[in-house]
Amino acid sequence: MLGENSYGKSGIRLVKVSRREGRHDVRDVTVGVRFEGNFEAAHRAGDNSNILPTDTMKNTVYALASDHPLEEIESFGLQLAEHFLSSNTAISRVSIELSQRTWDRITVEGVPHPHAFSRGGAETATARVTQGRPGTRIESGLEGLRILKSAQSAFSGFRRDRYTTLQETDDRIFATAVTAWWLYRRPNIPFASLRDSVRRTLLETFARHQSASVQHTAHAMGEAVLARYPEVEEIRLSLPNKHHLPVDLSPFGLKNQNEIFVPTEEPYGLIEATVKRGP
Amino acid sequence: MLGENSYGKSGIRLVKVSRREGRHDVRDVTVGVRFEGNFEAAHRAGDNSNILPTDTMKNTVYALASDHPLEEIESFGLQLAEHFLSSNTAISRVSIELSQRTWDRITVEGVPHPHAFSRGGAETATARVTQGRPGTRIESGLEGLRILKSAQSAFSGFRRDRYTTLQETDDRIFATAVTAWWLYRRPNIPFASLRDSVRRTLLETFARHQSASVQHTAHAMGEAVLARYPEVEEIRLSLPNKHHLPVDLSPFGLKNQNEIFVPTEEPYGLIEATVKRGP
Amino acid sequence: MLGENSYGKSGIRLVKVSRREGRHDVRDVTVGVRFEGNFEAAHRAGDNSNILPTDTMKNTVYALASDHPLEEIESFGLQLAEHFLSSNTAISRVSIELSQRTWDRITVEGVPHPHAFSRGGAETATARVTQGRPGTRIESGLEGLRILKSAQSAFSGFRRDRYTTLQETDDRIFATAVTAWWLYRRPNIPFASLRDSVRRTLLETFARHQSASVQHTAHAMGEAVLARYPEVEEIRLSLPNKHHLPVDLSPFGLKNQNEIFVPTEEPYGLIEATVKRGP
Amino acid sequence: MLGENSYGKSGIRLVKVSRREGRHDVRDVTVGVRFEGNFEAAHRAGDNSNILPTDTMKNTVYALASDHPLEEIESFGLQLAEHFLSSNTAISRVSIELSQRTWDRITVEGVPHPHAFSRGGAETATARVTQGRPGTRIESGLEGLRILKSAQSAFSGFRRDRYTTLQETDDRIFATAVTAWWLYRRPNIPFASLRDSVRRTLLETFARHQSASVQHTAHAMGEAVLARYPEVEEIRLSLPNKHHLPVDLSPFGLKNQNEIFVPTEEPYGLIEATVKRGP
């Protein structure tokens, strides 16, 4: 029996240069398209008559990008979802995944240059539009936001067993790479400005929180977003704990005054939480 | 309101050398541990009394590996899951993710060497044990199995729209990197030998299939596994289409007789399907 | 016969938090150490008496970082080089490679926060100090500076042969990821401020140059640095050409007005040039 | 003044399927091309008349691959080098870098399949042909050969200073990822069979060596190759020390009998040596 199945195109890379006299704008977006629906005949019998090629998905992204301003990835995702769903009766759900890299204008003698840019950080803006019969779901997010605080982070009072060697601490480095996804309660949203606000709230809450654990801070970050932005239905946070281990300098006759650390990649704690509105 | 949440430790790297006179064995395993349960107080109030540190999860993996032969990652996963679940009343579900790299014995003058090894391919064996109240779920899998066939692969008869430029073909390169996960119907399984059999069936079916599409072959691979191994309840396959584009040599007065290709990384088609037993 | 040989430690990761009342500073540095010298006995006979362990190199980096402010990676590199060279008579040359990631202060309600930070871009500052008997060589550099210009970039008048299909263009996207290394004429330099100036000159020259090729712009960038900063003896630039290919929209009845591009990773042009002072 | 400079194309990906009745062969090669020569006018004045586009280099690789059997990457590199050097008078030196991935035939019911393949390990075969006026230099190599030995590896008697904490050991894990380059004394060599022999000698020497240090084993490996293969003029080995740290199990009341290790990525020791023929 054929169970859940889907197909699509991932990693569709796209740069659009919008050219106005005296000012170019660059949008750098990666798009993924995924279809679910009635593809039983293709799987069982090799009958491809319901299969729109993934190559066509790619072509469609480029063709529709030609007319779309690409100022908000969410609205481009909506347009793609509507196009595919309305023109393919075999599909029951389409998902569009988008991620955007930023390019900052280079400043020349204090003046932003009209057509020269440098890449922003590793952080990407993300969006996902899922449209089915019935219903549309729009989520925005961000990935790769690396943050660190060097004070007001503790971890103590935790459960101990025979394998527990960790010391309690009231002053540790808290470093993480935030992945966040927030779901909207309705489709008509000023996506770009709300994104800026959510991001700023995440950062400010992180900076000011008196942290008792990663969970504690994750929850506070999610709660602050829900408290301030009624447009947001729920928010999911994934916070890998990028451990910073104090180096033991005592063999060299030195004291490490909580200053010298090794940042490690593996293993890492992984903390995930969803904060949503109560019933 | 706190929604779904979990925490754990990822990327716990472990090498075990089992030393017998005249013969060492090397096991190279990466483990991830994840807890779900009653962690409301930690999130809301910074009360860590139900939180077993992720550092302790790591210690436990090393301590239990000391006694376990590590001949099957599935049984090591089961032991870890049982340990955590039985000793932590706050947790409702524990997931153990395991992946294993292979080390092959170096042959010296035709004889396998007792303690020198070279790394096998990029393919890893994987397993996931999920244990809750109630129920245990054991899955095995593999990742990174790169395969290619240069004949008996077609793609034609597909749906066309105004954005479709793809040509029909009855002879294309079919290349992919298999990720597979299969779920067992019961816990007492000779995991290692069944893994070898499932893997061989996947490879042989891929090699012999007269492919009308990636979907078509994915389905045949899954069906063959279910047909031969009654222990398997369902199998999920993820087959990215690693496109090989024929190079146009005609500007140089040459004919490409379906011989010269550019393998591309992006974009790529992504085909996913689950095959399971009917009701 | 033993030819050129060296040994060392790479990837020594270090974070230093300098704690002052009301203001923390974070330095995130990766260090590599390499020794050349008289290690013939170690290679031939397994005699390690001249071999300072690479583990000790690592310890030394942490111990010396404890006292050093780490405000300039160049001066930390100098201190390390001097330490190793003066205390190990067997070594004829020591090289210290450093790279630094940036952490920006998070702004909370318009005010820079005393101890919360977000990671800067993927660009890293680099330095290399090579100290031998005799002579010291100090180079600074940068890596991963991604830049793009959407106007004033041409490529035409090039050599053609029977395999040449490339069209001439007077308006292409010019995108690259700059790696630069510049060598100082003397050791007493305000490294940090000069780094800022060199980087700004590279960016401004790139933005303003009427480019006839990558080579042409590379040369202009190097020449501008030498013209403005007498402290710099020579500069080496490595500029991979990150191709942006215009998408053909004509099959869809659309015209691509030089707006829609696929950025590609492979293959890429690689252009390298050194600009130095004449004799 | 323009100093050293070069340009070229990197990452030219190529798959060739050689089709015979009942048996296909797959070659998977990545090629890089680099030119040095008289490119002063391009750099200074934007005059491209001596610049063969890197796009043409790519086309040439595909065109020449069409006729070449690709059984030895070295001879394909030689043909490319000769083509470019003979048809471009402005260039003084051309370098061709090649690396090859392996695809193994899938076995179906014990029989190797005619057209289905699985990817070999992460190891790649490499070659570099450098041809100038005058002279040709041919090197072969390999990269990513991961090897490990769990006995007969010691490290003791090393130099100690105040920062040395490392313990002496007569039984440690020795794990590394070999990069090797060997230079031929003449151009007419059975490259493929000699490659197999050199590789086997490296592996066997590693397996059998009573190692006093990485340096010691590197030297023995290089010496064995020179002793057995008079065609080889010199060999360079780069051996990163992939540290395996024993886990301290004593806090859990367990003894680690040299069995349980954490493999670490950073930092790592890096040992490099050239062994060549004496004068």
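Per-chain residue numbering starts at 1, and chain names A, B, C and D are given in the order in which the chains are listed.
The rule is short, and it goes like this: a contact is a pair of C-beta atoms (placed from the backbone, for glycine too) under 8 Å apart; a residue touches a chain by one contact, two chains touch by 3 or more.
As the structure is a computational prediction, the values presented were derived from the model and not from experiment.
A.B. asks: Which chains does subunit B share as contact partners with subunit C?
C.D. replies: A, D
A.B. asks: Going by C-alpha centroids, which chain is farthest from subunit D? Tell me that one.
C.D. replies: Between subunit D and every other chain, the largest centroid distance is to A.
A.B. asks: Could you tell me the distance, in whole angstrom, between the mean C-alpha positions of subunit A and subunit D?
C.D. replies: Result: the chain centres lie 38 Å from each other.
A.B. asks: Provide the C-alpha centroid distance between subunit C and subunit D, rounded to the nearest whole angstrom.
C.D. replies: Computed value for the inter-centroid distance: 25 Å.
A.B. asks: Nearest whole angstrom, what separates the Cα centre of subunit B from the Cα centre of subunit D?
C.D. replies: Here subunit B and subunit D have centroids separated by 29 Å.
A.B. asks: Among the residues of subunit C, pick out those that touch two or more other chains and give their numbers.
C.D. replies: 13, 59, 63, 163, 165, 251-252, 265-266
A.B. asks: Edges wherever two chains touch, nodes for the chains themselves; is that graph a line, a ring, a star, complete, or other here?
C.D. replies: Per interface graph, the chains form a complete graph.
A.B. asks: Which positions of subunit A touch subunit B when the two form their complex?
C.D. replies: 1-13, 32, 34, 39, 42-56, 58-60, 63, 87-88, 155-161, 163-166, 211-216, 218-219, 234, 236, 240-241, 265-279
A.B. asks: List the residues on subunit A that touch subunit D in their complex, please.
C.D. replies: Per the touch definition, subunit A meets subunit D at residues 162-163, 165, 251-253, 265-266.
A.B. asks: Subunit D touches which residues of subunit B in the complex?
C.D. replies: Within the complex, subunit B touches subunit D at residues 13-19, 24, 26, 28, 59, 62-63, 65-66, 103, 106, 108-109, 113-122, 145-152, 173, 203-204, 206-208, 244, 247, 249, 251-252, 254, 256-264.
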